[in-house]
Every structure is written in C-alpha cells, then in structure tokens.
Amino acid sequence: MGRETIRVGVIGTGAIGGVHADNLMRRTPGATVVAVMDIDRARANAVAAACDGTRVFSDAGELIADPEVDAVLIASTDATHADITIACIEADKPVLCEKPLATSVADAERVVNAELAAGRRLVQVGFMREYDHAHRDLYDLLKSGAVGAALKFRSLHVNPLFVRELTIESVITNSLIHDIHSARWIMGEEISSAYVQWIPVNPARPGSARLADLQLQFASGALGSLEYNGDSGYGYEVIVEVTGELGQLTTADHPSPALRKAGTVSQAITPNWPERFAQAYIDEVQGWIDHVARAEATGPSAWDGYMSLVVADAAIRSAATGMPQPTKAGERPSMYQ
Amino acid sequence: MGRETIRVGVIGTGAIGGVHADNLMRRTPGATVVAVMDIDRARANAVAAACDGTRVFSDAGELIADPEVDAVLIASTDATHADITIACIEADKPVLCEKPLATSVADAERVVNAELAAGRRLVQVGFMREYDHAHRDLYDLLKSGAVGAALKFRSLHVNPLFVRELTIESVITNSLIHDIHSARWIMGEEISSAYVQWIPVNPARPGSARLADLQLQFASGALGSLEYNGDSGYGYEVIVEVTGELGQLTTADHPSPALRKAGTVSQAITPNWPERFAQAYIDEVQGWIDHVARAEATGPSAWDGYMSLVVADAAIRSAATGMPQPTKAGERPSMYQ
Amino acid sequence: MGRETIRVGVIGTGAIGGVHADNLMRRTPGATVVAVMDIDRARANAVAAACDGTRVFSDAGELIADPEVDAVLIASTDATHADITIACIEADKPVLCEKPLATSVADAERVVNAELAAGRRLVQVGFMREYDHAHRDLYDLLKSGAVGAALKFRSLHVNPLFVRELTIESVITNSLIHDIHSARWIMGEEISSAYVQWIPVNPARPGSARLADLQLQFASGALGSLEYNGDSGYGYEVIVEVTGELGQLTTADHPSPALRKAGTVSQAITPNWPERFAQAYIDEVQGWIDHVARAEATGPSAWDGYMSLVVADAAIRSAATGMPQPTKAGERPSMYQ
Amino acid sequence: MGRETIRVGVIGTGAIGGVHADNLMRRTPGATVVAVMDIDRARANAVAAACDGTRVFSDAGELIADPEVDAVLIASTDATHADITIACIEADKPVLCEKPLATSVADAERVVNAELAAGRRLVQVGFMREYDHAHRDLYDLLKSGAVGAALKFRSLHVNPLFVRELTIESVITNSLIHDIHSARWIMGEEISSAYVQWIPVNPARPGSARLADLQLQFASGALGSLEYNGDSGYGYEVIVEVTGELGQLTTADHPSPALRKAGTVSQAITPNWPERFAQAYIDEVQGWIDHVARAEATGPSAWDGYMSLVVADAAIRSAATGMPQPTKAGERPSMYQ
C-alpha cells in the first residue's frame, strides 16, 4: 500500500492489552503485531493465536531488543510501566504506554529524564480520551473561541459498579488520573492546587472511596470540579463541561434511540468503558501508528504522564490532611513545549 | 377588586364540565359559578356542592334565561352543543362551547348563521390547545418569521389507551378535530383536501381505528401530516412541528426530571390529557372570562368550529372512498375575518 | 366564595415587592392587598394605584399595627428584614419575608428566638424555589426513593450578567443563599462544612467575584458542589442534580420550541430570573395565603432562614482563610422539627 | 494477516466513487484498489494517483474481465448501473452497485434475472443506511421486540439546499429511494400502495419538487409517512421513527456538543450527507469486502434494488394521477428469501 507496515510488540496481554492487540491486527491499516509477552504465558499464547500466530516472548527486554519489533505497546501492570518505558527509550523504540506512566512522581520523572537524554520524543501515554469524538468536538469548539477564555472545567466520571473496593488513593491514581489529564489538556494550562473530599464505601473503612470530589485551581485562577462515582448503579458515563467568558460547552455522549414505552421516554446508557471508548481505543492506536510511521510524536506525552501524577500527588496529600494542597512540579523542558 | 365578577352557568357536569367548574370557582379571578345543570341530577348536585352551594337547574333553557347567569359554559353531550349554543346566542349571552361545536357541518352552519344574525361574536369553541404554552410558543416563533413561510405542518396525537373502541369516523370527529384546528390555526390558512388511512383495532372490524394518518393540503399548496394513535401503551403526547422556508420548529413538551437508573436515562411522559393540558384548561377559561368582561371575543370562533367540521367531513368521505377528497366550505363571513 | 379574603400589607415595593403585590392582587384567589409602604413614597403610590387604590403607609410599624392588615409581606432592603419580621411576630401577624431573613447569623437568631417566644410559627422565608415545578418534581422523585439515599448534590446558578460588581461575600449572602437552601431542603439534612473558591471580576480587585464554587459536606458525609456564575453572557439557569445510591436525577428546565435553522438546532434560554421563576412566585404567595387562611405554616421557616445564614457564614470564613470551615449552628428547636 | 487481500476495480470515480476508492485504500483492512475506470480520463488518473498508482482503464468491460480484479464497485452514472452490474454477474465477480440499481423497473428486473441465472448472489446495492449506527440501533431494538409489532414507519430526509432544481420524479428515484429502502428493511415487509403530494420549487414549474410527502401502506396494513425536504436551509438530517404496539422508537443522530451562548442552547447539525454518513460508507465497503472474502452476500440485494424501484414506480404514477396507486411487483424468488 505504498507504506511500510509498523511491526508492534505488545507487553501485557490482559484486558486492555488484548483489546489493543486486536485493534492493531484487525482495525489498524499500517500495523501488525509481531510479538507478545505476558507473565501469564497461557494468556500470551491465546492472544498470539488470535494474532495469527505471532511470536511469544517470556521476557520484556528480549521483546524490546528484537530487531523485528519496530514499536512497543505497554499494557502490563502499573508498577512495571516506568522501567519498561525507559528500556524502550534506551532501545530507541517508540512506545505507547498505558496510563499511569508510573506509580510515583519520582518514577515518572525518571521516564521524562530518560527521554530528555534520548533527545527526541518516543513516548505516548494512553490518555485515550484525546481520541474520543465527544471530547475532541468540545476541545475544538473551545479552541475556536466559541465561548471565549475558559473559566471553569467540570467532569463527571461515572462507573457502573465496583469490580473491587478501592481506596481513595487508587481512585485518584487509576481513575481520576484520566480526568486530571482531560482537565489539563482541555484547559490548556497547569493545575496549581487540589482539594479532595470523598464518601467511603463503608463508614468502617474510611479510606475506601465510593464517590469522590476533586476541586482544582489552575495557574490562571480558573477552577475545576472533577467528580468520580465508582458505583453508580446505572452505567458508564464521562461528561465534560467548560464555562467560558461567553458561554458554556457540554460534551454530547454517543446516543442510542429514544424509546417511548410504559410511561417514559428513555435512552440506553453505555454499560461500561470498553463500549464507551471502543472507537477511541481504535483511533488512539491508529494515531500512534501514523505518528510512528512519520517519526513524529504528537499524542499525550511523557510530560503529560508526569504532570498528571504531580496533580494526583497533591490530591493524595489533600486526602491525608483534609486541606487544599499546592502541586509541586518541576519546570517544563523545552522538548515538551 | 375593581371589576365585576362574571357569573357563569355550567351546562354538563361530566368529566370536563367538572374540571371547568372547579377551575372557574378556584383558579379564575373574576369568575364564579352560579348555576349548574346536568341530565344526571346527582352529578349536578355533587358539582354544585363543590361550588359552595351554587344553584342547580334541570333545564338548560331555564339556566340560560336566568338573569343571574352572565355567561354559559357548555360541556354537555356533543349532540346537544349546536342547539344549546344557539339558545345562548338568542339570549345574547357569551358562551364557551366544548368541541366539537356540532356533530354535522349543517348544524355548525346553523350556529354560525345564528351568530351572524345576532350581529356580534358571542361564541368561543373549546379548542384549548391555543392556550397551551408549548403550542403558543411555537405559534409565536412562527409568526415572528423565525422560519419564514410555513410549508409543512406535522402533528402526533398520542393517547395512552382506548377507553372504548372507536370508529374511524369518531376518531376524526372527536380526536383529530383538535389537530385539524391546530393545523388551521398555526398555519393560518384553510385546508383544501384530506386523505385518510388507518389501522383497525381488529381486522374483523375494519371500521375501527387504532392508528390513523390524515394527510392534508392547504390552500397555498402547503402540506399537513396528522397522526392519531389511540392506544400507544406509553402515555399521552401532542407534538407539533412546522417546516418553513428557512428552518423547522418542534414543540417542547412539559418536561420531567431526567432519571439515570439501571442502564437508561429516562423522563416521565404525561399519563393522559387532563395532566397534559391542566394549565391550558385554566388559561382557557381565564382568557374567556377576561374577554367576556371586556365584551370581546378573541378565542377560537364559531367559524373555527364550523371549518374543523368541514375538514372532518372531507376526511370521513376519504375514509369511505379510499381517495383524497376536497373540502367543501362556504365563504368566510366578514365578521370572522 | 365561601372563604375569607386575606388582607395583605406589603412593605417594600421595589422590583420583587411590586411583583408580589401584583401577584397578590391579580393571580391569587383569596388574597387582596390593602396596604403598601415604601421609603420611596412615589414608588409606593405607583404600586398602590396599580392595586386599585389601596392605602399607603409611611411607617412599617403603623402598617403592621393596622387592624385591617391580616398578614405582611416584607420586600424591603435586606438590613431591615430581621427587625420588621420581629415586629410582625410581636403583633401576632403571619409574615412572608424575602430572603435573606437577616444580614447576620445573630440577627437571624433573634428572629428565631422571637418566634419561639411567640410559641407558634408565623414566619415564612422567600426561598421560592420550593414552589418551582422543576425543583419540586426532582424533590418528589428523590423522596419517592427513585435513586435511593442521596450521596451528592450539585447545582448551577447562572446569571446573564452583572447588574453591578459583587464581592464574594455578597455573592454568598444574596445569590448562593438560594442554592444553600435548596441543598438543605432537597438533601433533607444539615451542612457541616464549606469551602469556597472564586474567580474575581478583575484581578486587581481580588474580593470581587465573577464565578464561585462552594464545596459542601453534609452531616451524613454526603457532598455538595454549588456553582455560581454572575456573568454567563447567555441567560439565566438553575440546574439541580442529585446522585443517589441507585441513580441520578437532573432537573428539567422549562423548555422552549426546538428551532432548526442555519446549521444548528437550538432552544431559547430564559433571559433572567423574573421569567424563570414567574410561576414559582405566584405559587409561593398562593401557598402562603392558603396556609395563612388555615393558620398553618408549612413553607421555608425562620429556622431555614437562620441555617442558610449559618452556612453562608462558614463560606465567608472559608473565603477569608482559603481553607474549608465547619458550620457553627445552634440546636434545632422542637418547633422546627 | 492470514487472509487474502481483495483486489477491487472501481468504475466511476466521481464524488461518491472517489470516496469509496479512498475508503477501500486507506480504511478497509483486507482490500486494495487495483483498477479504476471513468469516462473522464483525467478524473480517473487523479483517483489512481491517490491510490498509489493503481491501473487506469478506459473501458468498463476490460476492467471487469481483468484477472487481477477480484470484485467491482460501480459508481458510474445511474443509467449505466444495470448493464455494468449484469456484465459483472456474467464474469462471476462480486459487485457493489451504487443506488439506484437501475433507472427502470424493467432494467432492475433484468439484473435480478441475470443473478438468478448465475445461481448465486453476487450483487450488493449501495443502500448504505443499513450500515449507519443510528439506523442499525433502531433496527436492532425493533427486532428485539422492544415495541412489539411495528404499526407505523416515519422518516424525515432533510437536505441543506438544492444543488440543482429537481423534478418530483427524480426526487423519488434518487432521494426518496433511500427512504423507501429503509422503510422496507426496517418494517421487514413489502409496500402495497403509495400516495405522493409535493410542493413545487416554483409554482410556474409544478413538476419541480422542493418538499414531498410519500404516504405508504404495507402488506400487513401498517402505514408509512416519508418526507423529503430538498432545501431546508439548515443542514442535513435523516430521522426515522417506528411506532409499535407497545411503544415508539426514534433514531438518535450523531451529536455535537451543547453550546450555551447568547440566549440559546444549541447543537450543530451535520452540514450534508458526506459528513452524516462518512462512517456508514466506511462500514459499508468493509462489510462488503468481508462478505466477498467469505463468498457470502448479506447486504442489500438486487431484489432490494428492484423492489425499491417498484415502489418508486407507484409513487411516480401517483404523482401523475393525484391518486394513491398500488405497487406492481413480481413474486420474490427463493434465492432472496
């Protein structure tokens, strides 16, 4: 087809890794999966079989080093993200790392420093909402000046039910991290302070979190209200609103037919995130592959991964103290301007 | 309060007559009910008691003739409407007659002629949708030129379920008559032809009607599609749309809170017409009383009552022949311009 | 009409006082306005003339003492509310006092104590949102158990533009006070802490407020996010949402027709609060009059007026300190249970 | 990738042909374009260049005969559709033919007969709405029994403005043909009669059509109301509604963010059909390619192409006579059951 096919190695073939591998194989012109690796060998074999017999590795380093692997997608457990990403950078291979980029600010800083040392951007972080049409349409309207300068960011992140009980810390690092990135991306500026309040799943376990409010202030003085609901009982939704000097924008979710029946008019709500963001995941890997083919990096960066953890850190300190906390970030290197 | 209270006599105290009497007594500053009459004496007594002991008549003519009755509201059975309305005209008393004005074009013509003979407008017909906010707001926007000249009128008239099985003729004369009036009122012109198709309640009774489509053409060439559903199973709705040269208008129904629950986002639909048009019935009698107090007549006229029956007649002929039928109307007298 | 007409004296005939007087005269069966008083005599005379020549007083105390005055509506300047309300209580006359009940917690406490001394409820506070259909419908659904126990209250209170620049303190005491009451009323419990952040109208005047976020916690641990926008540029809106254990409720605003034109489908937004709450103001005085006629008091109470100021006080302390602040309330007397 | 790439020849490279070629080259894993042909050689060359230098033919027959062409997509002028499709059938090559399948019932019948003679289904007709999510979601809900048996089909087909003035005949054959197919597909039954009314673009040219109403009856007695607006002034929309015995379904269009600004809340309407159906066109060729690879034919068939013309023929006879007209169809061959 007049362009080289990018040969991808996938590290981590659990839920989201399997989705990425399938999208790369079947829905991404210009890409193929040539290698998979998982600590669960049987799971890796199953994904490899679905990928028409691609090779299976038992070691991430070997997969990264293999000359047939052009680029790496990381979907292994969170604690491994930083080290594997650094190994890819050192091997000079483009990498798409699932969020979070690391499990601590310090580890994220190590990734940023490794990329700075490499001298060019190789890392994209899996904040796939940038590829979601509802988010993208709001972003484009805002940037077009439709509502003037942004004053307020609001988001609702609603999950249908708990898979397992989560602590307020893990809600911040694993779920609200998406909303923190959306806030930075859409508002186009950094966050200066964070204040968290939450409702525990059970009063006997006050560190557990069923519903959490994250109140932010941005560098310009603009405000942000981010809400997480871990157990809505009704489905999955992400809604973003921005109030500007001249008006207000609200994302429109993907709709389903209006059903009039038995005294109500209703529309189905997407059951969970895989259905809600199915197309965004496809567009994310397509965007990544297109950029890899052109030796460009334009998606969410290692800096975005680092800054989202900086804000999460302030939120976790707020949870511990019951007080608003300032964020503590290093200066943005010129490579990420 | 600086103005005379209008003393109303109510003829017919069944379902809608009782609503009107209650609205006149309790929700209409400037009006009171001084007389009621019903062929069912017990029912009349019950309504009179609720009206703080107003007088009960057993004869419509006596009620109309009573010097303490300033104005008459007719909510008796359809077949009596024309004659009672004519009696009111002859007694020179303003009258609000429930729709239909008559049960035949000829009888409606007798009312018009009586009013012409009286030399001034005394009759208002109970097409209360003119007093409904949703209809009124659409009408005002259309008249403001928001969508340019009107090209197409659409209405959906949805009932929750049958009280009893209806023939296509009675659906036209009792239910679609409301929509026919809305079409004439909102489009601001007369209807020149009608074509009816319907789905019977039971194929064994082809004259019964569960769902009916009434396709109209207006004098200017504009088109109309009116749909009646007698047994929707989901509630009561009236939706009106107008397409103009520059855009389209759709009525917004009275809303209820959005409820997200168990996989859907839903809003309640009004169960039936008394709830849907509760405020319109209040505003209708208030408007009538205000006009009576000023010796004006501005609501739906006897001519509107006549013309709606002219269109219904064409529709009934279409139902009998399976073909589109022209309407057959007399010329509009100057009193009704 | 079988019941006594309640004769009302109106103190303060400015914008909202004039609306109340007009509603009492023309749209409230069972009420009439027999006396008005305003420090601006010309304004009082104009309202009196519109009320068919009712009497004009130059002193609030004389109006309250007049034996022809059955009940008093207070719409004078905020600083006079507490003393005039206490005078009414001492004269044993039912009173509807515009919000806020007072301009300090201490003054509100004096009103509560005066009413406790009187031994029966005479005071209703003008939190008219309790009479708004959109609020009422959400409240009824929540109380019906539709979404289980309430976990989160959200409100957006959007004004079209500033009449004049406001300080954060006056935004809290005059505007957010409505939302504070809605939060307490709808959630059915007291507020334990408040945290305020805001965006100034002009960075040079940091005490001015264009947009304000009020983050609350309720006694049960439930959370509240209240947002005020003083200069939206697009119209007036009040939206309330409640998330419960089983689902979520959102108020539906009063709708206008959908207009498709020139590339968009749009609906008009209510321009300002008089249009948005026109019916609520009518229903509020009707409800008050009905209760006065039955010697009952069921609307927002002096306790509600007091508690809303207690929360406002915590919010103002938060504004001064930049930290969340606990509310400081006395115990609820049994008369207000 | 473990499967053969289907090599497609594209005949006709105008507006929609160019879109199909681009989709096949860039967005359809499993397909490539190896040949193009157009009577406008320059246009063919331009599309070939965009397809990375694919071969250009000057004769449709040669392209069809070429052994490197596995399947053919026809997007040439309407009058050529039937003959080129028959040539493909005779060459035993799968074909996706743009709608309409032919320009007369007789020609469509020739295609059906050719395919019957071939003994297997090779033809798919370009009714791409079957691949549109909004249509598909409504279809799936209806087939799931959500509203019981279907009683009424409604569609609005709204174009932004005329490219050129159209006759009522060409509106029926080129535009309403899409809606006729949707009606047959979604209702799952054949149409027995058609009645057309329309508003001319200019009264001096009564055969021109700006807005047209097509009233249908189905074999079961169910009804259909199809409306076409050629010059809405506001954008492009296709809305489908079905009323069933238990409820009603309405398609939800692809949404854009809600914008509150300057007194309104608005959403953008899709400007025209290429934007509205961009994804449907991609999914259509992907679906076709997937079926070709499996030697199956499951999309809209030659029979669907024929039947849509049978209904169009009745509608054109109705336009000529001003009367409802029955459809005249042959019996459905078992190959199309």
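Just so it is clear, A, B, C and D label the chains in written order, and each chain counts residues from 1 on its own.
By definition in this document, contacts are C-beta pairs under 8 Å (C-beta built on N, C-alpha and C of every residue); 3 or more make two chains touch, one makes a residue touch a chain.
What you are looking at is a predicted structure, and each value in this text was computed from that prediction instead of being measured.
Averaging C-alpha coordinates per chain and comparing to chain C, the farthest chain turns out to be D. By number of C-beta pairs in contact, B-D leads when B-D and A-B are compared. The distance from the centre of chain A to the centre of chain D, each centre being the mean of the chain's C-alpha atoms, comes to 39 Å. With centres taken as mean Cα positions, chain B sits 58 Å from chain A. Rounded to a whole number, the gap between the C-alpha centres of chain B and chain D is 43 angstrom. Multi-chain contact residues of chain D, defined as those touching 2 or more other chains: 232-234, 246-248, 260-262, 267. Note for the complex: chain C touches chain A at residues 148, 151-152, 154, 158, 195, 197-200, 203, 210-211, 213, 215, 217, 221-223, 225, 227, 229, 232-234, 243, 245-248, 322-324.
Residues of chain B that touch chain A in their complex: 232-235, 237, 260-269, 271.
Listed in rising order, the residues of chain B touching chain C in the complex are 1-2, 25-29, 32, 52-53, 134, 137-138, 141, 146-147, 246-262, 267.
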